[in-house]
Every structure is written in structure tokens, then in C-alpha cells.
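Structures given as C-alpha cells follow.
The following pair of complexes shares a single chain, chain A, combined with chain B in the former and chain C in the latter.
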Partner chain A sequence: MLERLLRLILILAILAGIYIAVWSARRSAKGSAGGPPPWRDTKVLIIAAQVAALGVILSVGDYLWANFRARTDEIGLELNFDFLDQPSGISIADSPLDPNSSIQNALIAGVKNTFLIFIVGIPLAVLLGTLIGIARLSTNWLLTKIATVYVEFFRNIPTLLVIVFTWQALLLGFPREQDSWLIRGSSTAADSGPPSLEGLFIFNNKRFAFPSIGGGENFGAFQVVFLVAVVAAVAMWVWRTRNFDATGTPHRRVLWSFATLLVISVIGYFVLGGPFSISRPMIEQRIASGGVKMQMPYVAVMFGLVLYTASHIAEIVRGSIMSVPKGQVEAGNALALSGFQRYRFVVLPQAFRVAFPPLINQFLNYTKNTSLAIAVGFAETTGVIQNLFGQSRPAPQLLLILMLIYLAFSLILSAIGNLINRRLQIVGR
Partner chain B sequence: MVSSESTAETAYLGAEIAQALTADRPLHSDQTPSQWVKNNLFSSVLNTAITVVSAAFAGAILYFGIRWAINVEWEIVRANLRNFMIGQFPKDELWRPWAGGLTLVAAVGLGSAGMARTSFDDATEKGLPAERPTWTALLRRFWPILAFIFLVLTFTRTIQPTLGVLAGLGLFVAGRLIGWQLPSGIRRFSPHIIGVGLVALSTIVAGSGGLVALLGGLVGALILATAIGDSIDRTSATGTVVALALPLLGGAVVWFVMSTIDSFGYGWKDWGGLYLTLFVTVAGISTGMPLGILLAIGRRSQLPIIKGFCVTFIEFVRGVPLISLLFFSGFMLPLLFPPAATIPDGTTRAMIVITLFSAAYIAEIVRGGLQAVPKGQTEAAQAQGLSAGKIQRLIVMPQALRAVIPAMVGQFISLFKDTSLLAIIGVAEFLQIATIANTQQEFLGKGLQPVTYAFVAVGYWAFAYTMSKESRRLETRLGVGTR
Partner chain C sequence: MIRRGNALKRTAGVVMALGLVATACSSSSDGDADANTGDSVAVEAPVDTEVVESTQSEGGTLAAVQAAGTLECGGNDTLPGFGIIDSDGAFSGFDIDFCKVIAAAVLGDSEAINVTPLVAAQRFPTLQSGEIDVLIRNTTWTASRDGAEQANFLRTTFYDGQGFMVRSDSGIASLEDAANTTICVLQGTTTLLNLNAVLGDRGIPFTPLEFESNDELQPAFVAEQCEVWTSDASQLASFAATLDIDTTVLPDIISKEPLGPVVADGDTEWAQVVNWAVMAAIQAEEFGITSANIDSFADSEDSGIRRFLGLPIEDDDGNSVVAEVGLGLPTDFATNIISQVGNYGEIFERNLAPLGLERGPNALWTEGGLMYVPPFR
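Up next, the complex of A and B:
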């Protein structure tokens, strides 16, 4: 290390010496000074500083890389990504993958699970956070106090603790598989192992299961019809809005577009002769089929994260509503708007503009916090990779993949956020 | 409040402002209790409904919570109390953390009272309203921590911890009282007294070699730098050199003396529980701070290579979860040491990563502060002919850092909570002790996890909540965002 640095300093000194020699030679040739000496010339200094910085960064990097190569050679680690095609040796619960499928597929399943925590949890967190944030501004003393206690409690304990606590509470609060809570279902005891369960809703401490839509004949055609219905509904929304802008007749766009969606879908359903039916969840021994099944670790990590993130979102919502000047509400009052209208048309649009950037920040935090699911053994990206570490797969490459996946998540999210934010902000001045 | 005749006029102005500020506030509420209940709980039908529903909700949670807390078996906390506090620290050597802790408490009492007195005198001299900190105010600020200490004492099985806490309280009170009376010459060193207390604690617990000696050297250098700061004329070249070289020399001497004194202790491999959690947080913030400030300045640099490096580092560290960085410390960091070197233990490697992690976050906070300093400040300094280094050190940084103190406390809280992630890589910090306790023979499979987690949650909450209240208090006191 020291030797490399000394060598670097020597090279830099020689370069500087050559430059100064050239400069003084030119000065003596011309006779008088053309500009400041190099050690006072900002142009030269800027370049010199950067060359020196680059030299330090490169030499430190080179040093670490040399150590890294020496260590990896010693333990015989190959630095390539060929291992991704090998069988993973891990099984992921409620997923069609078995230990023989490739590492690559296991990673993709992990990313999907991360995405599932994100896409379900974020709306819930925003909803709960908004409700609590508004509750903190309520005129009702008791409600305000309850909301304050909630926020101050969850903001001041670690996320990981919230998750493991939720996990334990759910495990203890829900019955074992033998005594599952079933709604319109039945349970058949098995001689050994878990019983077979079937029903509309199944709740036990292994998983929650709900009915879902299962495809039948013509299901593909119905999906096309549904897409058409959605497009028609959006078109209806736009038309009603334009009509309202032009004539001032009440737009009732929610009613109109939902009616369009419903009518087209229902017609499609009957024309195609019942293309789908309700799929009931079934659990036979260890194999689950039908319906939507949520494993307990998933429920735990999602609820833990939602409870935690909601406390932060509540503060954002409260702050942003309070940031709207009081005159705005008073002006709304002077225009004889009702309490709801004042909120819907005056306060909330302005508050949202303030709340959006910190909200995106919370979403980014949420994305990173999904990695805490490994504490309850849910197989999302980090969990899968930790399992692979345990199988003595090459750690450096896996670590690189892990970090790149989260970086990609973060970058995409903040790019979308910035895009929306730019449209939200007031343009002008 | 008027301290001398010469400041009478400013004092008068200050008093007037103070009066104007308090004039708006009603002295007492003229509502009767029944009016208050009607206005705040039952003003309308909807409000009444909300009150009834929330009362039922709060009542149910309180009822079940209290019933659970009374009926549940707390033996697991009682049996593991020492683990929760300090982990597997050798039992016969417990006098070390006790003695060190008492020293630190006394030093904090002295130093905080000294600082409070200095700012009180400052304000009085300028004629601003100033309040002597009262014991009730202190109690109101720090009650969660005191309540947690009391809770811990109820779990003890011997009398010694209670006596120790009482001694600590006594030392703190004595420190406060003495600190308030210190002559101003000594009071200047109030922050350093706390620093010396930290060094003393570390020396008593971990011996005087290695990192502790380094910490001692740093504190020594800092004290010397402050002490000679005003007395040496920095306008001459020799003065500047002396002012810079003396602290370095002093620090080196302290470091050398401390590392040669042969004293024996227990390093952080033997620590655990709340003590380790608090230590990792304080160490992470204080080591991350200088690095973070450098990164923030680098990010605002106009040199593309330096700026590019800083931006890449900051955004990379902030873009990945802490757990992946901890994996890095576990699997990748050992591969980066030269083949001949011995690889440091897991806690040390985790500390390295936590330092880098908090540096990246602090860098963004400091950058916010730097952006808040008006450009005119730099330009005015340039017009005065100050060098670039002096502009940063004397003009920009003091303003920027002052503006970000509340955010920095926020980062402290967030790092305090994030250290719980060390549990995932198996470091025996506060949360991990709960898991360890639940795998002990006599408690295994009894479903006692909620009990231990509840205890740990109260511990985390007490410290984090106190800090967040302090951060809000600092925010109002410094007037961040209002000027």
C-alpha cells in the first residue's frame, strides 16, 4: 500500500517537474511571463487536483483488487456468472420452483416476491398513513391523542422489531392448521402431517387464503373485452371532463366511467358464456392450489412494514396539510364551499404538492426495508440470496447482484417520482 | 437580567420583544372543564360518534394490553437482564462498566451544566430572555429514559444495581450543581469534559490500547486546539503553523502515552445488549461525521472527477439496503484485506460498514445545510480576501452545520434504530438478546417472544423518543426554517 502510494507521488512529482520546466523554458525563451506561474494558475491546479484524486482512487482500487484476487485465488473462487444456471438447491414456499431449478429462476422468484410486498403494502401504508395524519389534525381531542400515540410509538422503535413483533403476534394470535378458521369450508384430518383444508377463506398461522378469479373457457377473450371496457371507461372520463369544462354541466365522471366499465364487462361475461368462475383455495397436505394464498411470513412483513411506514406517512400528511396557508381555507369558506369541498378542492391538491417528494422518499425507504423480510424467513430477493450464501455459492457475485437489484428498484422508483414531481410543481416565475 | 450598565439599552430592547411575544398568549384558559369536554369531544353528532368509537378502541387496547402485561411471565426478562444490558460481559468484571458509566454520568452533568450556563450568560448579556434550566424541565425532557431505568430496576434481583443508579443520579446532580458554578475559563471546555468522560469510560471498560488510545488522542488534540485557538496570532505564517501543529503533537503524545500504559480491559467482542447498541450508534455517527462532511464538500466541488466519485459513493450507499451492506461486511470485506493480514472480527467489520453508511447519509444532510447558506456569504468572504479553506472553515461550515443539527439528531435516531439489523448477522446487540433468550433451554418454545420484544421495544422507544423530542426542541431553539 505504502509502496504504491510513494510510487504514485513520485510519478506525479515528475510530471509536475516536467510541466514547470517546460513553463520556465518557454518563459525564458519569450523573455517575459505569459500568465501566472503554474502553481498559481487555476486551470493547471484544477487538472492537477483531479489527476491526483484519480491517482489516489485508482491506486486504492488497484490495491483492493489485488488483495481480492489473491484471496479468491487462494480459496479457488471463480469470478464469473456461470453458476447462475446451476440447480439452486433451495425451495421457495408456494412457488412451482423445486431445488433443481436454476439459481437464475430462484432469483427471479425472489424479485417477484419483493415486488409483491411493495405493490400491496404501499397503497395500504398510504391509506393508513393518510387516515392517521388527518386524525392528528382532528378537532376531537381523544382521536388526536390516539393518533399521536400511534405515530410516536412506531416512529421510535426499529422497523425490524415491528416486523418480528407482528410475526410473533400473528403466529400466536391465529390457530394452528388443525384448527383453521374456515368460512364455508371443511377440514379433513390426516393420519400424519397437516390436514387437508378447503374453503372460501382459510386463516391459520401458516397462511391466509382467499378466493380468486379462476379462468375457464374463453377467458382470454374476456380479458380482451375487459381491456376494451377499461379503455372505454377512460374515454368516458375524459369526455365528461371536457364536457364539464366546456358547458359547466356536472360531470359525474366517476359514475359514468364505472357504469361503462360494468356494462361492457357484464355483457361480455354473458356473451362469452361465463368465462370465469370463483377459484376456491385448497390445501392438501403441503400442496396448495387455487385462490390467493398468502404465507404468514409475507403477511407479517407486509403488516409490519405498513404499520411502520404509515407512522412516517402520517407525519408527512399532517405537515403538508398544515403547510397550506390558513387564508386558503378561509377563502374557500368565503366562497361557501362545504367542509368536504374545502378539503377536496382547496387544501388537499395544494398539500399533495408539498407531500409528494417526501412521500417518494418513504417509498424508497419501504423498498429497502422489504429486505428485512429475511428476519421472518420470507423468500424475497435478500432471503433467496442469503440462502444461496448458505449453499456456499460465490458470495462476491451474489452480493453484486443483490445490490444491483435494489439499486435498480431505487433508481426506477425515484425516476418515476421525479417525473411526476416535475409535472406537479408550479411552473412559472 | 441586566448584567451591566453598558448593555442596558440592548437589554431593554430584548425585554420589549420578549413581552410582545408573551402578550399574545392568554394567561389561563377561561373554559370550564365541562365546556372543554363539550367543545373537544361532543361538539357535533359526528364528533360524538368519533369519541365513542375511539374511546372503545383505546379502552380495548388498554384493557387487553394491561391484562396481558399482568398475566404474562416476566421471568425471562429477569433472568436475562444482565444480557439485555451488557451481553456476555465477564461477570467478575462488571465493576468496569459501572465505574465507567458513573464517570461518564458525572462528566455529562458537569459539561451540560457548563454549556447551559454559558448560553444563559450569553443570552443575559445580549438582553434576550433566558431561563435557568430547572430540574423539572430536565425531568420533562428526559423522563422516558428515567422511566426505562426505573423499569429495569424493577426486574433486578439484587440491591447493587439500584445503589449504582442512585449513585449515578447523585453524581449527575452534583455535576450539574458544580458545572453551573464553574468559572468561565474552565466552562469553555464543557464539551471537552464530556469527551474526556467518554475516553474515561472506554479506558475503564476496554483498557487503554488501540482504538481507545486513538480516541484519547483525538480528544486531546481537540482540547489543545480550542485552548490555543484564541491566544495564538494566526495572521503570521509561524502562528498558523504552531496553531495547527501543536494540537497534532499534543494528540500524538496523548495517543502514545495511552497506548504504552499497560492496562487491560474487554473489547467490543465481549460487549452486547443495550451497551453495544448505544456504543455502535455513537461511534457510527462520530466516525461518519468527518467523512460525511468531506463527501458533502466533494459533492459540491466543481471538479468532475471528485464530484463524480462522491456522487457515486453517496448514491450507491443510499440506494441499497443496510442489510446488503452488512452482508458485504460479512462476505466481501474479508476478501479485501491483504493475504498476509489477519481479518478483523465481525463486529469490527460491521463497524467499518456502519461508518461508511452513516457517512453517506450525513453527507446528504450536510449538503442540505451547505445549500442553505446564501451565496452572498461566500462572495463577501472572497471580497475580504479569505482563502478557499478559510471560507469553508470560518464562514460556510459554521452556518451550515448549525442549520443541520436537528437533522443530525434525526440521523442519530435512525442509526440507533438501524443498529438492530446487526441482529441479522448475529452480533449480540439489544434485539438479538431477545432472540437468544428465547432459545434458552428453560424458555424454549414457551411463546415468550412477545414478552422479550415488548421489553426491547420499550428500551428502544425510551431513547429514540427522548432524542426526537430533543431534536424538536433544538429546532425551535435554533429557529431552523423560521429565519
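Up next, the complex of A and C:
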């Protein structure tokens, strides 16, 4: 070990020597003989300090790597990725993953579950956080206090605790499957085994089920019609906006666009003879079918993270609203804007610009916190990797893969964030 | 000029600081090298010592354990009967007792152990890293684990099989009845693999619900988030004894689960030491030596027992010789094991019998079980 270190220091010393030699040669070529000698010249010393710092970092890295390799050699661990093609033996709830398919596929299924926590949770967290942030600034005493208690409570306890607490609450608060809470539904007792359940919404401690749209005949054609309706609605929006800019007549673009969307869709629905229906969830002999189903562990981790992240987002929202100069609000008042209009057109657009970078930070935290799902039995990326640890798979490579997956998530997210942030900035004049 | 002077001072400061760090680095590695060659250097960072020693693979784990004076075991802390933390904070259980058996053999002191509690998924990475000397945490011996985990499985201490537990009022009487149920299982276990493989082969659909630890699995089962709990039959029995609800274990046993100590690959000497320590406890039961009656064997006439206990054997010329088996263990290691921890039967009775577990396949071979060990000579 010492030998390696000495070798490295020697190499660095040679590099430093070469540098000083080149430096002196260049100075004498310039013909300026004056100035301090190299060991007293600030320019040289600064570079030398950096070389020394680099040397220390490299030797520490080299030491750690050598140590790692010595252990892997000793126990005969091979550092390759061939194991990724081996069967995983893993199955995941509500996932078509076959236990006999490869570890790669299991990892992909895990990443998909991580993404599911992310994509549903982030909008909810932003919505809840914004509402609470605004509530904290409200003039209503009770509302302000409730929001303050919420923020201080969730912001100051560990994320894992929030998730486990949410999970326990859902586990104990919701009934067993056979006693599910049904909304607009019914339950039929079976001859043997659990009863059959059916309803618009089903809640129990295994899963939450919601109605969804089930395609029937002509569903493909209806999708085309719906797409046309969306395009028409957007066109309507643009036309109303331009009309408003040109003539000043109230645009009412939200109303017009939705009316367009609705009218075309409804006409399409009847012309095509009812191309879709509402798919109601049902549970028969423990088999759940129809509708959209969410496993309880998923709800627990997603909801726990939303509650936690919303408390941070609320503070960001509050801070950014308070950062808008008071004069702006007063100017809005002077123009006789209503409270809503003042927020919508004056305060929030300016606050959003301030809030955006820290918001992206919260999204990144949220993404990383999804790994806590293993505590409550939701199999996302970390859960899959943990399973592989416990089987017969090499830990160093798996950890590397795990880190790269989260790194990829975070880097993509911050790249998108930076892109949007650049658009949001005030263009300097 | 003043500015420049400051910059120079700053730089000089940085250089000096870096120099200090560098010296600290090199001197600490000097110290490690010394410690490794056997000089009595005060070792400030035991982790470092272990690191360097593993890089040069001199001495091995046995020497390291003897030098440290403590055996590092990886164990369970959430499984009644096998490994659990009792009310005064100490680890106890069947697996923990075998950790003590090894400590008694190697160090002569069964209490010189340090148990690191591990969840199932952490077991092998921890063993691979060299943080623990031996893993005794109801770990199943399989070909792929022995082959690919860089783990070395030793003498099985407990023969188990995977079972299924349901609530008594669930109406589920066999594995076939359990179709479409949600099944709770621990992450990173062979149980999970067996579950997927066996139920897949039999065409029984199910939803897996995986937990990291029994601490979360148990409330989920009690609240009927899952109808079925699958694990090693012994574990199910131990949990059934602690739960407030009526439970039934299904008749289906779907796998062989031989549980025993595991060490890292690449150190045969250490593997042999652990193996023979465990086997000594089994042999002691076969000889009928217990912690209570071991003193009465001091003047035993049986040369096999005398050799086993490390008692001197007299030859025809009247010279007394102590048999040395050459494992690197003290000659009286079996005596230490029996007097400090007890024989296999005692360990079983102490930890597992209170949970209602029968000896079954874990009886001695002389009584129709699988506990058979090679001769001590």
C-alpha cells in the first residue's frame, strides 16, 4: 500500500518538476530575467498547490480502489455484468413480470414502479403545497394556523416515519378486503370463500380501486375524434387570445375551448354509438378486475411522500409570494383588480419565477425518497435490488446500477428544470 | 502588492494543510503495515487493520479474531427463538447460541461476541465486505448462493422447510385454496424464490407482498393485508406462538431449507474452525455430555471422549499426551463449548422447544434424525 502511495507521489513530483522546468524555459525565452525564483512565485505556488491537492485525492481514491479489489480478489468476486441475463426469480404485485425472465426485466419493472410514484405524486404535492402555502398567507386566522401546524409538523419529522405512519394509518384505518368500503356498489355473499364485491369505488387495506374508461366497439375511431376535438379546442384558444389582443373584447378562452372539446366529443360519442363505457372495478373470489387499481403500499408511499414534500413546497410558495414587492400588490389594487385577479395576473407569475429552482430541488428529493418504499413493501427499484442482494448476485455491481438509475432520474429531471428555468428568466435588456 | 501577499499566505497555508494530510495518510498506512507484521502497535482504527490484512491475506480470519478478542457475528434481531433482542437488550436465540459456540471454541469465552443485526437483503453484502466473521442468521444453503455469493456454507444447524400460515377462520385449508390470495414474504430470501417457482409451476396465481423485515410483515398479516404468510416452518411456529390471533400452518411444505453458519470464501482455515466448533456441539450430545455433567467426564475411561474434551491420554509408558487435531483451535475447545454454551440438544431445548418445535429431522442420527458428524480424532 505504502509502495503504491510512494509511486504516485514520485509521479506527481516528476510532473511538478517538468512544469517548473517548462515554466522557467518559457520565461527565459521571453527574455524577462527578473522576478522571483519559482519556489517563491505566487503563480507557480498556486499551480503546485493544486497539483498537490490532486495528488492527495488520487492517492486516497487509489487506496480505496486497491482495498476494494483486494477484497474482491480474496473472495473471488468477478466484476462483470453477465448476471443481468440470469433469471431473476422475482415477481411484483400487479405487474406482468415473469419470475423466469431476466434480471434486466426485473430492474425495468422496478424503474417503472419508481416512475409511477413520481408521476402521480409530484402534481399532487405541488397542488397541496401551493394551497397550503397560500393558506399560510391568508388573512383568515384559523386557516393560517392550520397551515402553519401542517408545515411545521411534516417538515420536521423524518420522511421514513411519515411513510411508515401513513402506511400504518391506511392499514388500520381501512377495512379488510371482504368488508371493503364500496361507493355506489354492492356485495354478494358467495357459497364458500369471500363475498363478491362491485362498485364505482372500492377501498380496502389491500388496494384502492377507481372506475376507468373501458373501450368498446369503435373505440379507436372515437380516439381519433377526441384528438380532433383537442386540436379544435387549442385552435379556439389561440383564436380567442388573438381576437382579445386585437380588439380587446373579453376572450373567455377557457369557456370557449372546453365548450368546443365537449361538443365535438359528445357528438362523436353518439354518432359512433357509444364507443366506450365506464369500467367499474370488482373483486370476485379475491380476483380484482376492471377499473384502475392501486396497491395499498403504493398509496402509502406515494401519499406519505406527497404529505412530506407538500410541507416543503408550501414554504417555497410562501417565500416566493412574499418576495414579490409590496408595490406590485398595491399597483394591482390601484387597478381595481379583484383578489383572485391580483394573484393570477400580478403576484403568482412573478412568484413562480422565484419558486421554480427550489421546486426542482424538491422534485429531486422526492425522486430520491421513493427508495424508502421498501419499508412498506412496495417493490420499486431499490426493492428489486435488495431482493437481488439477498439471492446470489454481486453487491458492488448492483449498487453501481442502483446509483446510476437514481442519477439518471435526477439528471434528466434537473436538465428539464434548467431548460424551463432558462425560459422563465427575465430577458435582460 | 498587499493582495498578492495575502494570496501567497493563503496558498502557503493550503500547501501546508495538504502536506499534513499527506503525512497523516502515509504514517497511518505505515502503522497498518506494522500491525500486520505482528508488531505490537497501538491500533487506533481496527477497520483499517482488517482492510490491510485482507489485502495481504496473511494471518487470516482466525488470527484476526484471536487478535481482536471478539467474534463478529451477523445475526437476526426480529425472529423469536433464533435471534431476537430480549428485554434487557441482549441478543438471544438458537443462531446466537451457535455464535457463542464459535466464540467459546476460538476465544475460550462464549460472551466475547458482537452481533450485528442484519435484514435478509444485507446478509451477503455484509459478509462479502468482511465486516462480520461469520453469518448465522437462518440462512438457507443453496447451490447458487454457495457458488455466486462468494459465501461458504458450513455444517447445517437446523433442517427446515418452507411452510404457509393462514388465519384459522380464513377457510384456506391447502395451498390450492390459497389461489389469488395476497402472500406476505420477506425480501431477499429463498422463501420468495421458492414461492414464485413452486406456485408458478403448480399454476396457483397469487399477489406477492414483500417486506424488508418481520416488524412490518407481522402487522400486515394481522390486519389481513395478506391472507397467507410464508416462511420457514420454524419461523412460522415461532410467530404463531407470539401472535394474538388463531393461526393454522398449512400441511404443504414446499422446500428444503438447511440453515447454518456461513463464512466468506477464500479462508479454508477459518471455515474449518467454524465447522468443527458447530460439530463439537452436536458430537457432545451424541456422547451425552451436557453443561451440567461435563465435570463428571474429567476421569472418563473412554479415549474417544478424552480426546474430544482435550483431556490427557496416557500411553503404555505412562506419558500423558493431549491429542492435537491441528485445526488451530485450543485442545480443550469442546470443553469450553459444552461448559459455556451446552450441547446441541441443550441449545435446541433452551431456544426452540418453548416455541413448540419438535426435534424432527434435527434429532441425532442415532435417533433417526440428520444430525451426524464426522469422528473427532
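Convention: the second predicted complex is superposed on the first by the 339 of 429 C-alpha atoms of A that agree within 3 Å, B and C clash if a C-alpha of one lies under 4 Å from a C-alpha of the other, contacts with A are read in each partner's own complex, and residues count from 1 in each chain.
Here, contacts are C-beta pairs under 8 Å (C-beta built on N, C-alpha and C of every residue); 3 or more make two chains touch, one makes a residue touch a chain.
Since the model is a prediction, treat every value here as computed from it, not as a measurement.
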{"item": "Which superposed partner A:Asn156 touches (first chain B, second chain C, both, neither)", "value": "first"}
{"item": "Which of chain B and chain C A:Ile57 touches, first, second, both or neither", "value": "first"}
{"item": "Partner chain in contact with A:Val234 - chain B first, chain C second, else both or neither", "value": "neither"}
{"item": "Touching partner for A:Arg71 - first (chain B), second (chain C), both, neither", "value": "both"}
{"item": "First, second, both or neither for A:Ala49, with chain B first and chain C second", "value": "both"}
{"item": "Partner chain(s) touched by A:Tyr406 [first = chain B, second = chain C, both, neither]", "value": "first"}
{"item": "Partner chain in contact with A:Val376 - chain B first, chain C second, else both or neither", "value": "second"}
{"item": "Touching partner for A:Ala395 - first (chain B), second (chain C), both, neither", "value": "both"}
{"item": "Which superposed partner A:Asn387 touches (first chain B, second chain C, both, neither)", "value": "second"}
{"item": "Chain A residues contacted in one complex by chain B, in the other by chain C", "value": "1, 46, 49, 53, 67, 70-71, 74, 164, 168, 172, 374-375, 386, 389, 395"}
{"item": "Chain A - residues contacting chain C, complex", "value": "1-2, 5, 9, 42, 45-46, 48-49, 52-53, 55-56, 59-60, 63, 66-67, 70-71, 74-77, 83, 89-94, 99-100, 164, 167-168, 171-172, 176-177, 192-193, 205-206, 285-287, 296-297, 374-377, 379, 383, 386-395"}
{"item": "Chain B residues within the chain A interface of the complex", "value": "40-41, 43, 47, 50-51, 54-55, 57-58, 302-306, 309, 316, 319-324, 327-328, 331-332, 334-339, 413, 417-418, 420-421, 423-424, 431, 447, 449-450, 453-454, 456-457, 460-461, 464-465, 468"}
{"item": "Sites on chain A touched by chain B in the complex", "value": "1, 46, 49-50, 53-54, 57, 64, 67-68, 70-72, 74, 138-143, 146, 152-153, 155-161, 164-165, 168-169, 172, 368-369, 371-372, 374-375, 382, 385-386, 389, 395-396, 399, 402-403, 406-407, 410-411"}
{"item": "Interfacial residue positions of chain C with respect to chain A in the complex", "value": "4, 7-8, 11-12, 14-15, 18-19, 21-22, 25-26, 29-30, 32-33, 51-52, 54-57, 120-125, 128-130, 142, 144-145, 147-150, 171, 179-182, 184, 187-190, 192-193, 196-197, 200, 207-212, 216-217, 219-220, 223-225, 227, 264-266"}
